[in-house]
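Quick one: the structure is below, questions incoming.
First chain written, first letter: the chains are A, B, C, D and E, and each begins at residue 1.
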Amino acid sequence: MSRVFDELTNFARARSLFILHYCTGCGAIELPPVMTSRFDMERLGVSPMVTPRQADILLVTGYVSIKTLKRVMLTYEQMGSPKYVIGICSCTVNGGMYWQSYATAKRLDEYMPVDLYIAGCMPRPEAVISGLRELMKKIEQGEANSWKEYYRNYDYYLGNQQHLFGDQWQTPVDVIGEAEHYGLVGDGTRGEHTALLEQVQHPLKPLEMRL
Amino acid sequence: MNMDAFTPWLDALCGRIDGMVVACSDLAQRRSRIDLPSEELTTLLEAAKGEMGFVHLSAISCVDWIEEGEFELVYHLWSYEQNQLLSIHIRVARDLGRFQSVYDLYRPAGFFERDIHEMYGLYFEGAPDMEKFILTEWNGPPPMRKDFDSEAFVGETFDWQQYNPEWLQEIVAAGGGVVVPPTEQRFSQRKKVDGPDWSGDHPQAKRGQE
Amino acid sequence: MSDYNDEGSLLRPLRALSFLGRPAVTEPLEPRLAAEGYRGFHLNEHAECVGCSSCQKICDNAAITMVEVPELPNDEAKGIRNLRPAVDYGRCCWCALCVDICPTGSLSLSKEYVHTCTQEEIDSYFMLPNETGMHGTFYGKGWQKTETSDLLDLQRQEMGERPAELRVDNFDEIVDGFTPEQAMAEASRCVQCGMCHDACPTGMDAPEYIRSIYEGDLEQAVRWIYQSNPFSHVCGRVCTHRCEDACSIGVRGTPLAIRWLKRYAMDGVSHQRIQEITQEQRAAESTGHTVAVVGAGPAGLTTAWDLARKGHKVVVYESRQQPGGMPRYGIPEYRLPYEMLDRDIETITAMGVEIRCGEEVGKQVTMEQLQQEYDAVVLAIGLHLGRSTRIPGSDHAHVRSAVELLRQVTEEGTIEVPEEVVVIGGGNVAMDIARTVARLQRQQWGGVKTVVTALEAEENFLADPAEIREAAEEGVTICPSRGPQECVVEAGQLQSLRTWGVCSIFDQQGRFAPHYDEGDEQCHPAGMVIEAIGQMSNADQLLGDMLTERLEWDRGRLQVCENGRTSETWLWAAGDCVNGPDVVHAVADGHRVATSIDEVLRGALKHA
Amino acid sequence: MRAENYQQINHPPSHAFELNFGPNHPGIEGNYALQVQVEGDTVVQARADGGYLHRGFEKLMEQRLWIQNIALVPRICVPDPSPMEVCYSMAVEQIAGIEVPERAQWIRVMQLELSRIAAHLFTFGGHAATTGMYSPMFWGVADRDLILDLFEEFTGGRIYSIYNLPGGVRRELPEGFLQRVTDTLDYIESRLPDYDDLFFKNRVFIKRAKGVGVTEQAMALEYGVTGPNLRAAGLPFDVRRDDPYLVYEQLEFEVPTEEAGDAWARTLVRRSELIESIRIVRQVVAALPDIGGPLRTPIPNPLAWRVPAGESYARVESSKGELAYYVVSDGSEKPWRVHVRGPSSMHAVQVLEELVKGGRIEDVAQTMFSLDACPPEVDR
Amino acid sequence: MMLSELLLELVLMPLVAFLVGLMMVLWMRRLGARIQRRVGPPLLQPLYDVIKLFGKETQISHGILHDIGIVMAMGGYIAAETLLPVPGMDGIAAYGGIITLTYLMMIPSLGLALGVGQCANPNGSIGISRALTAMLAYDIPFVIVVFGVAYHAGSANLIEIIDAQQQAGVRGWGIFEMPLLAIAGLITLQGSLGKQPFEVYVAPAEIATGPMVEMGGKYLGGLFVMQAFQFYTTAVLYTALFLGGAESWTALLLKSFLVLTIPLSLAYLFPRYRIEDLVRLLWKWPVMIGLLGVAFVL
């Protein structure tokens, strides 16, 4: 019975995907065509959503500057599981054409687990659509579980974040608590970086998350 | 518009302002360049704005001449009346690190000066807002300075993908493999070669030994 | 035009309701075929690509890695490497500059543009473009190089030379040399692939000195040149430029004039300054070893130069009155002014090399003496005897060998030539003698009646195409595909050369066995027939019988190991007498031998 | 999941509170932020916060060869990339003293104007969407896509054309291309009445847009407003006409203006500009077949090309306003300095802060979109 | 009526309402897609959305009131459905009447306000204050319309209102009897559905979807369900008041979809008003027309 239920949810999940409408980089310019009449992603049940709480897919559209990456991390942690991360454009994979820039983060997978990459600089709408369909296939088969990796290897991701944002880095989300809640505590959940986080963690003042 | 008045005005201005040099003035191309001692800047700007209608500050560009130890500031002014662009070049000592703002005369200077401050570390006195804008999360030195090496910073801070696809494994197994990684052939980063190495053996001989 | 004060209407938007009944503009879900000229994933014709890595250089995204593919051909002489570009799509920005700069035109972009992968498959972002495409399906070529988009300058700078009518009656140098602008433009064409370096027998750092020339730093260029070649003036003029055959620009265009650039760099720096520069590399102290070199040609002097540089004492024995060997006695002055050769030799002697001219080994001094006096001896005697066709009548006194004749011209300044001359042979020596004779004929007879006959068809001539063209311009008649049969002698007077047309030169096994069309017979009237069909050496007298016996020989050539050492431990051999005639090979050989001797001597030092 | 797992954030007990517009907010164009102090529905203070799209272009360009930068520049303004590459090329050409063949100049004009049409169609949609009307966005983006199809065909890329090189353009136009340009323009013109019905004559929209974000001419001049935004304030200035480049002098076009300087006036100016651009492209299409000659003045091997020492200030009229490149060469293979003066660096910062102040929350997004501010241009 | 039968109806009516409501959501999205010249979502899209949202692993609650708010929002409508007579099922319509229904239809907004208030997100707060203001704006004409219809029918009981119209034949429908009220009702309908030009409280570009800003998972799912109910309730109510109800389900679906088509397609043609414009408009035109209509009725 629960398997049937799981399959039903996966089936529905694959067919109803809300993309977070967050234009992190230049690839965002090919999203309006994807959303609008010419390529109409609503055909696939994909629609844009404006806040992380509502969204299922975090579409990282190209390079993320370090400043943006902080916000992307906040956003990612606020999204409800199961959540999927798609990295589009070259820049999310290996720095892209900005690989020698001091301002951008180079590899998205160091900071959050990624479900799918779409190649291109920037990928055409058709490529984005193909990517979405690929992701839908994976979700339906229950293979898109990167969000669990974030809990299981939180220490690794947090370490990379601390490396970039400084030791004082913290977010309002208690990831370890969530990991326990989901029963996803793994060997990599806790480690030296989470220990550091516990040391520096302090109650957030109003609107401090504005950064 | 009074197109003919521009050149005489420029000439007259040279007499009024010490050290002002009209480096070139091409009316057909609508571009003129003025070199100026930095302390005369305000005088010139006031004259340009008040007398010739140079109300539009198109941009302030900063150039880091590190070997001369100077920042060059270029004020690009446009006159909607004359349809002429005036580029005013001044030099500021790099070590000093401060200069006076022209915000009072030109509001757009607010953005440009703020930008130059965070990118070059040149502080403008009298500007309303010198807070960081773009680089709020940046702790390093002003990145546009020539002595900041972006690539070195990147090399220290980030890791790259270590691809090892199947086709490469096959090639390696057959005796080939990566020979020239991309960073070795960066033509943009070519240092001027110091010259041949005289001391060793002749390269031909070396190759024979390989 | 819209009016700002128009309040608009609440009802007009309702017209858009008509779209409820109109069709959608949505495209089907499957990806469309991209436009012609689309910039999708890379394609690379592996058969055309030569692995020059220009694509890698133009890509500042550092997206291209050169990967060695062992199964592909690798031929340095032809300028083909088995390297192929692999593209990192985590870096690429699809600007197609790599396509536009590709010297061979093998790179292009396809119309394929969809690639997705999961984190585990991230390796698929790094791929080796081939002819089909990223996923094995060919979607058609998109962006390809066109004439407009080509970023390379395929046309060589025209080298100025004096017109035929001005040069035919004198031995002044023909080419003008590059002007600075030309040299700059020519140097700028270089993509620094280093194919020339790999193809050059002596491994000259051509990319580096071309770069230095482009940067306007001729002294640096000279430094680079002297790194590997003390005969820089000579090679800047008469080198057989293997480098240019390998040049990747030459795949689609005319290769860089690397030889002329070297000439430009050498001429651009004063002789004195060159000597100062070369002294930079002289070893500070002497090793105390002594080496004798027999023959002051390129090979011998290069060996001497290298050894002297490293602090050994070198003495060169030269049988003739002047040093230089073949470049002096075999190459006519209109190609290589002797002044330039003298400069090179001066530079070498300035390094401390002692040249004893007129001391012929075997006469004034014997090999045994050398063996005892010196720690090592180098044999670099060259090939100074002409081969003969041995056809009937070739023993006539007016049937001469080209090398001897050229030597005579150098030594005597001029010789008497008959009104009609026939040259047998299609190589550079044949052209040299033909053009020399043509000049002399012009001086002595006022007109040119020189005929060159060769077995080969014109396109297969061994001589440089430029040489053939210039010879023709100067009035030399070229008769290709003629096989010499007889030097017709009547009443003791040489009358003519009788030739047959050639059907084929080699038999089916590729052996030399010319086949003639006997019906196609011609007689070329000749007061002199000059044979220029190859050279050989004669070392018997020089070496002495004992030594000749002890050494190993193969078809008249001395057998040496790869380092130039003979079966005698104290004796090395270098140059044409080992390798056959080629100046730059001789230089390379000199380096190799010098390195070997230096190692042996130093080893001895260590052991002692 | 319960809230206990989250750290509580207590808000200050005040009727004035802060709202963050962006960086993740549908009312913000691109990745940009505006911190807004609100009392009731009124904005009392606004502070722009950029840098989310900062890539350090100017630094990168100092590290790359002259030609390599061509791939970099279009990325500076994503919605309207063509002026970037043309302007950079022009600046380099000026320093190097390269004449651009006439045919290339005409093609560049076509490219610029097509890009302007595409950018304006995009902006209309974005502007409409900020007021809750999404259909024009769906239409506009879909129609813009037809222009992108044209770009794909003649430049090889939909968005980033990378079609210009210093000295000219990279490729010949494909066969029959001009006809397809005409067809597409015909189509877009035939769509204009639909847009008028739905959008430009929509009473509710006009009501929303009028009086929002007013830049009076004096204020516009003081704040360095340029482009359509300046023309909407009544100053008929257009770089194409008054500081002409390429072959704009040979083309006939109007410089439309409006007096009011509000969001609606800006929209109207853009609409007129769209029509003018179509007119310009038609002139180019008519003229191009008769203009022969090469497409590019050859430049030396890009791996070794050294632009002589010098400087130049090239300006073009982008869809957003006055775009300028200040390029300094020290005679080496790489630029010594490239300064990009994006029009949005004015519009999105000081002008936006000023216009939003005193306005209403619901007009913040509209103000930004009506200014057509482009954050990547600010951040570079 | 048997109690068991009644209970069955009480369960069935919201269920049917939910399903029909989902179809209406789809209808809205398809209408929009048509106008926007595209294909639009597949048939079961609203259902997938709801299932997915309820199936989310993360369900972030901002406190008990947050939960209650959403339950109120849905519950208000579920209760309202039982008061809405449909062919074959009257539920408790006979006991509740139109006045109760009117009150029940306000509960969701209040529930939402309760829940969103707990989220402590300024955008949500602004959104909910706008939503309540809007409710205030459209409730006045709504009450007038309802009053007018009830007065005309001489009963506040929906069953009787429907019966009265059906007996009078097509010409006896409210829309012909009370055209002014019907028009006022239509404008009010637009307001109560919160569709453009009255879409002030979601306003993504202004306040990032207002009340929904902090909603995720089942909370957002609840809102989706609420929207389905809302469409259904308003459409069926309008049908009952002005289109003579329906004897058969075919007629009901036809009529209610037709009714919905008007506001939903208009929604894609207009931008939103500012909130004060909305209040002024709704207090001006529908109230005036409504009062005029009531005057005629009187």
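The working rule: contacts are C-beta pairs under 8 Å (C-beta built on N, C-alpha and C of every residue); 3 or more make two chains touch, one makes a residue touch a chain.
All values reported here derive from a predicted model rather than from experimental measurement.
J.: Tell me which chains count as touching both chain B and chain D.
T.: A, C
J.: Can you tell me the least number of steps between chain C and chain E, where a step is a move to a chain it touches?
T.: The fewest touching-chain steps linking chain C to chain E number 1.
J.: Look at all chain centres (mean of CA atoms) and spot the one farthest from the centre of chain A.
T.: C
J.: Find the most central chain, measuring centrality by the gap between its CA centroid and the centroid of all protein CA atoms shown.
T.: If we average C-alpha coordinates per chain, D lands closest to the whole-structure average.
J.: Using C-alpha centres only, name the chain that sits farthest from chain D.
T.: With centres defined by C-alpha atoms, farthest from chain D sits C.
J.: If you tally the C-beta contacts, which comes out ahead, A-B or A-D?
T.: A-D
J.: So what's the Cα centroid distance for chain A and chain E, whole Å?
T.: Roughly 36 Å separates the two chain centres.
J.: Suppose each chain is reduced to the average of its Cα coordinates; what separation in Å results between chain B and chain C?
T.: 45
J.: Counting only Cα atoms for the centres, state how far chain C is from chain D in Å.
T.: 54
J.: Specify, in ascending order, the residues of chain A that touch 2 or more different other chains.
T.: Counting only residues that touch two or more other chains, chain A contributes 36-38, 40, 43, 50-51, 67, 93-95, 97, 99-103, 121, 124, 178.
J.: Would you give the residues of chain D that are in contact with at least 2 other chains, written as numbers and ranges?
T.: 1, 6, 9, 11, 18, 25-26, 51, 54, 56, 59-60, 63-65, 68, 71, 135, 138-139, 142, 160, 198, 202, 204-205, 207, 303, 379
J.: Of all residues in chain C, which are in touch with two or more distinct other chains?
T.: As it turns out, chain C has residues touching two or more other chains at 13, 16, 24-26, 34, 57-63, 88, 90-91, 93-94, 122, 125, 192, 211.
J.: What are all the chain pairs that meet the touch criterion?
T.: Those chain pairs satisfying the definition are A-B, A-C, A-D, A-E, B-C, B-D, C-D, C-E, D-E.
J.: What part of chain B is in contact with chain A in the complex they form?
T.: Touching chain A from chain B are residues 135-140, 143, 148, 150-151, 153-154, 157-161.
J.: For the complex, which residues does chain A have touching chain D?
T.: Contacts found on chain A: 20-26, 28-30, 32-33, 35-38, 50-52, 63, 65, 67-68, 71, 75, 97-98, 100-104, 121-122, 124, 172-174, 177-178, 181, 203-204, 206-210.
J.: Considering the complex alone, what residue numbers of chain D touch chain C?
T.: Counting only chain D, the residues touching chain C are 63-65, 67-68, 70-71, 135, 142, 149, 152-154, 156-157, 160, 162, 165, 168-172, 174, 194, 196-198, 200-207, 256, 258-260, 264-265, 268, 271-272, 294-296, 298-305.
J.: Could you pull out which chain E residues touch chain C in their complex?
T.: 31, 33-39, 265-266, 268-270
J.: Could you please specify the touching residues of chain E with respect to chain D in the complex?
T.: Residues 32, 35-38, 58-63, 120, 122-123, 126, 196-197, 199, 203-208, 268-275, 277 of chain E touch chain D in their complex.
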